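A, B, C, D, E, F, G and H are the chain letters, set down in written order, and residue numbers restart from 1 in every chain.
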Amino acid sequence: RRTGDPEVVYGAGKTPEQVVAILRTLHERHPDRAVLATRLSEEAMAYVASALPEAEVHAVARSATLGPLPEPRGTVAVLSAGTSDAPVAAEAALSVRVHGAGVDLVQDVGVAGLHRLLAVRDRLEDADCLIVVAGMEGALPSVVGGLTGVPLVAVPTSVGYGASFGGLSALLGMLNSCAPGVTVVNIDNGYGAGVFAARVARAAGPRR
Amino acid sequence: RRTGDPEVVYGAGKTPEQVVAILRTLHERHPDRAVLATRLSEEAMAYVASALPEAEVHAVARSATLGPLPEPRGTVAVLSAGTSDAPVAAEAALSVRVHGAGVDLVQDVGVAGLHRLLAVRDRLEDADCLIVVAGMEGALPSVVGGLTGVPLVAVPTSVGYGASFGGLSALLGMLNSCAPGVTVVNIDNGYGAGVFAARVARAAGPRR
Amino acid sequence: RRTGDPEVVYGAGKTPEQVVAILRTLHERHPDRAVLATRLSEEAMAYVASALPEAEVHAVARSATLGPLPEPRGTVAVLSAGTSDAPVAAEAALSVRVHGAGVDLVQDVGVAGLHRLLAVRDRLEDADCLIVVAGMEGALPSVVGGLTGVPLVAVPTSVGYGASFGGLSALLGMLNSCAPGVTVVNIDNGYGAGVFAARVARAAGPRR
Amino acid sequence: RRTGDPEVVYGAGKTPEQVVAILRTLHERHPDRAVLATRLSEEAMAYVASALPEAEVHAVARSATLGPLPEPRGTVAVLSAGTSDAPVAAEAALSVRVHGAGVDLVQDVGVAGLHRLLAVRDRLEDADCLIVVAGMEGALPSVVGGLTGVPLVAVPTSVGYGASFGGLSALLGMLNSCAPGVTVVNIDNGYGAGVFAARVARAAGPRR
Amino acid sequence: RRTGDPEVVYGAGKTPEQVVAILRTLHERHPDRAVLATRLSEEAMAYVASALPEAEVHAVARSATLGPLPEPRGTVAVLSAGTSDAPVAAEAALSVRVHGAGVDLVQDVGVAGLHRLLAVRDRLEDADCLIVVAGMEGALPSVVGGLTGVPLVAVPTSVGYGASFGGLSALLGMLNSCAPGVTVVNIDNGYGAGVFAARVARAAGPRR
Amino acid sequence: RRTGDPEVVYGAGKTPEQVVAILRTLHERHPDRAVLATRLSEEAMAYVASALPEAEVHAVARSATLGPLPEPRGTVAVLSAGTSDAPVAAEAALSVRVHGAGVDLVQDVGVAGLHRLLAVRDRLEDADCLIVVAGMEGALPSVVGGLTGVPLVAVPTSVGYGASFGGLSALLGMLNSCAPGVTVVNIDNGYGAGVFAARVARAAGPRR
Amino acid sequence: RRTGDPEVVYGAGKTPEQVVAILRTLHERHPDRAVLATRLSEEAMAYVASALPEAEVHAVARSATLGPLPEPRGTVAVLSAGTSDAPVAAEAALSVRVHGAGVDLVQDVGVAGLHRLLAVRDRLEDADCLIVVAGMEGALPSVVGGLTGVPLVAVPTSVGYGASFGGLSALLGMLNSCAPGVTVVNIDNGYGAGVFAARVARAAGPRR
Amino acid sequence: RRTGDPEVVYGAGKTPEQVVAILRTLHERHPDRAVLATRLSEEAMAYVASALPEAEVHAVARSATLGPLPEPRGTVAVLSAGTSDAPVAAEAALSVRVHGAGVDLVQDVGVAGLHRLLAVRDRLEDADCLIVVAGMEGALPSVVGGLTGVPLVAVPTSVGYGASFGGLSALLGMLNSCAPGVTVVNIDNGYGAGVFAARVARAAGPRR
């Protein structure tokens, strides 16, 4: 792990006790910066809250942080359409913050209701990087990518049923986007999108 | 084949001579209505043009008709985005006409250029049924389906490369559309969409 | 959401309390028309029944409605073969009713027992649109589509095992139907088929 | 190869010269019984015809035989719907004959035209085994299997486009048939179906 | 259902009460012949045993029968390799018996222990039809098909892990068998194989 | 198309005449900036060279440009391993240049020869964005992503055979990269990666 | 089972009682050599520990052995990256030991932290065979295979989410490795890799 | 490339001139050892033969070597069944020789003709490593792996049609082999199997 990058715990498959123990150890090593734990079960979030009172539990993101978040530099706008995509969007947003950029969270903007999306065009243009989260057919990044030239990272989610095949449909849709300049991460990988977008936003100079 | 329906020749895998022979036979049986031949090779189109001067060759649709087209009843709007989708859109439009409905062809309206799409909203509302043709990520039906409540048939095309997997990406995108009331046909199946939409449009009563 | 369309709650992944709260809110906004909630768990159906006595719970469709259903205009025939497909057929039928068309439910008509299907040909011809629900090999729409020219929406179901791959087999079968004019929706998507078919049936003028 | 079984040459990927040489060698070894060569190119069929005048070339089956066919014992009915499936049906029929059973070829009976199928029910019942060849959605075996209890081998073909995925759609449809007692062979494998069905038919005793 | 065929209940997704009720109803209709119920849960088997004392529960086959089995005519040999494939083999064997043929069950013969297989060659030759059950790579039918010319139905099972993909590996292996005359049914479909093989065995005349 | 962005012609499926005509038209509209044409056939490249002497043909990138390239701002390092990946890397590099950033092309650095990769670490750190092109198992982005925190766009290529399935293997490898902050584009999509990376590099302020 | 090979019990799908009974029986048959049981549930491991005190339970490997391990001959180095891959690596290592070779377990060496891998190069060169265990993108074997010419068996694991598709991504990556001389076993199949590598290591003569 | 390993040219996608040029360059660098070129077109083989008279062209293996082959150490037996698998078997055998081990080529041993396989058991036991090449269902490695404990590398080939899906069926079959100690390489990758097996055979000490 490159010096200065925050430590991150991937909580899936870990017991609440393991999560708390790792958080505590990593926090002691670098008390001056935040440790992030993602993919926490209900039990793990509850145990973190009780065992580490100074930790902050982010319920929607199914995550927790311990230690002070860095000063934000640059801005990442995180867009999503439905309530089902909210956990992935929240994981992305929190990952952006922990990796040192600011977040503008834009929810409830879907391709089947264009006016809400058109109403937030200014916020898109003001961002240094966009994260667009969508399940089902994953069409939102194509539409957003047609509206703005800000670098755009698309996150397919496993939201859907039947022929969504666990997020495959959204993933393929985003990879085939007709809007140029769209990049994609793994299904439900809000964390990876957040790390990437924070790097882009932090490096961005003043807008020209 | 139910009485009254036009006869259709599926040209793929047939020699020019076979296509012409079948067209001629079917036309003689019912000289008062059109026979349609689709999926014609360059050679087949040329041979039809020379051997059957009274036939009409539709180059973009890779199709030919022989005999008079029926009076149109009702209107189907056929939408597509890029030039690569034009042959499938043209096959759909011609199939609509041959099956007895009128066509409003709306081209060059893609999800990455919303203003052109928003500019044709009236034409969408004026139609009795919509056919929306799209390749790559197949997002156009979701956006159109969010703009109007007119019945919408989506046609995925095999346009694309890499992870488009021969139209699979567009097909899955359309099946998972977040806009309710979107139905889908096989990849590149402009003909099937046209038959269906013509039936819907012909049955539609006066708008209320 | 276009004015006049009913509100719909997608119950999968929502708690009983959330379902009841949303139903109540949406109903208060438009007490004069029905709200529909689909994909309800046993618990959600029970809680709706007790918390909203004026709601109607549709057990087979795993759904509930609150508020008066609209006057039906036009007719959709909903066909299915086996008892396992009944929930999807019921979701389709209820969605048709909520979106303003009438329903003729035709059950127990499968491809392996043709005489029962042939015995209902009149009911097929009397409908303005057909919804054909089938799992396993999904062959029913092809057979029905060969019997009638009424517009036909096919719904593949996830009924089956082994090489049915969660409904993929039925979906592919329907997309490749040799009967022209068959359109398809996502696996188990009775709701989407119902919205589409209701639109077609409501727009249909008097039969000619 | 078990004693008495005919020799078979799989012609795909073999030069015309190789095919002729192998046919000649195998024929010399057992001049009293037929050798079969399948999957022949146009060139191979032409070269067999000129180099082995005593051979019989079966153009539709893309095959050739050399030496006397055995006396038929029992009957296999081979059914197919469209002209595109004819080569596979012909390969199956010829393989049945070469392996010692008689053939009743029933063509142009598809699921979208039930009356033609119903008209041949007697021929189905008279057979000792059925081979049902179908592409696209592969629905024909389910319908035939619902009409009769004669053992039925289904052959999916690669006929179709788009989501037929080279015969996968027909294969899955047949494997998931709702009619009990349907077995399946590889896509386009008329030969394998013929060998199997001939064995069943030859072993069948007098009907009871 | 053709007259004379036994009635069969597919138990998956049915409650113990439903299974018992259907068995009772069907038995009353034809007390002189067996009703078969397959895919029973532990609970359903227990409830059948207590509620229908005259029923026979077949634990390995996860099935039950009610009413007298028919006189066997002809013989089907059912082969399998491992203990994990035993339930599917037992379902196949029971289905054969219920559909009127006799069974020779040959277990523990796998491709990785050829001597046990070679030791039972006589039993293979004595059968009128073979059912070969195998999971994982599904190689057993190819080896058996190379040893004998008796008609062979292969049943892939979902036994395996990783790249067995729920039985897909065994299914593909069997469809591509290099032994001619092998036919295949759906993954885990012992029932379908049994119905088919019983039909073949019952029709077989005296061996020649 | 947002004002200021260069025009791009997708040459696949276009005739040499069409390519030249579109290049000429777009160039006349904005003679002050470059037009890019990608995916050109040998014929198209030759015809562009002869018909548009002022155009520059980029043979490895299978592309051509017409009009002056913009002043580069920021730097994108483009990495690839084998010679087979060179066309995609060249398409990416040219797209970066046309979209206004500078390029550092780093070739022949593969995961099976780590020392060459370790020898160029400085060049990686000096870039504002990385494009990593790889076929077969697509492992290079994971290794590079472990060496540096510069934003990294991975491009899978269709180089490989057998189980590479036309680039699917490399695509899945990159999507599942264990190095955080890797984003991915479609198989062989050097163009899309170039547009994205140029945007990131141009926006980057002075390094801190 | 060839004489001298240890007996192995595949514990998946077996009850604790069955596992203990089989272990006991096999141990009594050959008390002088070890019996191995793999894929044990928590319950099975606990029951083995209490019912067979002389057995050794290997918690990480989810396995147990009963009877003396053989003298090791030759050495297999087992490499893995993350903690999630530890169970598969431990199953591989134990299988190596039970099949008669020695083990050098090298953990926490991943492609995203090359220095740890480079630090153990001597241990790789000292081994007679390598087993490399990796999930997600499965890139580790390519990197290790580029560092050494020792025979290398790669084991993909089902560790990952989304587009890892249960280990498919790692499997494809390893099959397409650009490092020559890499062979692959089934997903999570530490046992098979161990048997193979032990055979290679035991046969290896003194290093030259 | 590790010192001492032969240089190898992958001929696919290279012109005859490129192949000859690379062979010449690599040969000049190390005239004392062989250079290998694989996957050569007919044209490339002819041009190598004429331009490099001292080169040896291996027609079945579609390969060429230039320079003296090393002294063989240890033996690899290469098994295959049909003539269609011969090119892959020959590529494997030649790669073994070029990488310094001896070869025993065993052809025409398939699972459907066990006696030929059983007749060569001694040759299997005499080898230090086995390469087993098979297409279609890929069953041969399972049968061979049950006969001997010699380390076995399986090579699936793309031989087959329909549901063989370009070698996928054979690949999955081999990965799921019920014989322990079977490892697998990519479809048609005789080269990779040869490199691996030669390493194992060269390291093998005297048999015990």
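Here is the rule we go by: a residue touches a chain if its C-beta (ideal position, glycine included) is under 8 Å from a C-beta of that chain, and two chains touch if they have at least 3 such contacts.
None of these values were measured; they are calculated from a predicted model.
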### Query
What is the graph distance from subunit G to subunit H, where chains are linked when they touch?
1
### Summary
Computed over C-alpha atoms, the centroid farthest from that of subunit B is that of chain G
### Query
For the homomeric pair subunit B and subunit D, should the interface be classed as same or different, according to whether the shared residue numbers exceed half of all numbers used?
different
### Task
Give, as an integer number of Å, the spacing between the C-alpha centres of subunit C and subunit B.
27
#### Entry: Chain centre separation in whole Å, for subunit B relative to subunit A (CA means)
41
### Query
So, what's the distance in Å between the C-alpha centres of subunit H and subunit F?
36
### Query
How far is the middle of subunit D from the middle of subunit G, if each middle is the mean of its Cα atoms, in Å?
48
### Summary
In subunit D, the residues touching two or more other chains are 113, 162-164, 168, 171, 175-176, 186
### Task
All pairs of touching chains, please: list them by chain label.
A-B, A-C, A-F, A-G, B-C, B-D, B-F, C-D, C-E, D-E, D-H, E-G, E-H, F-G, F-H, G-H
### Query
So in the complex, which bits of subunit B are touching subunit A?
81-82, 110-114, 118, 136-139, 142-143, 145-147, 160, 162-165, 168-170, 172-179
### Task
Report the residues of subunit C in contact with subunit A in the complex, numbered from low to high.
1, 12-13, 156, 158, 166-168, 171, 186-189
## Note on the structure
Touching subunit D in the complex, subunit E uses residues 2, 5, 8, 128-129, 148-153, 171, 175-176, 180-186, 191-193, 195-196, 199-200, 203-207
### Query
What does subunit F use to touch subunit H in their complex?
84, 113, 161-164
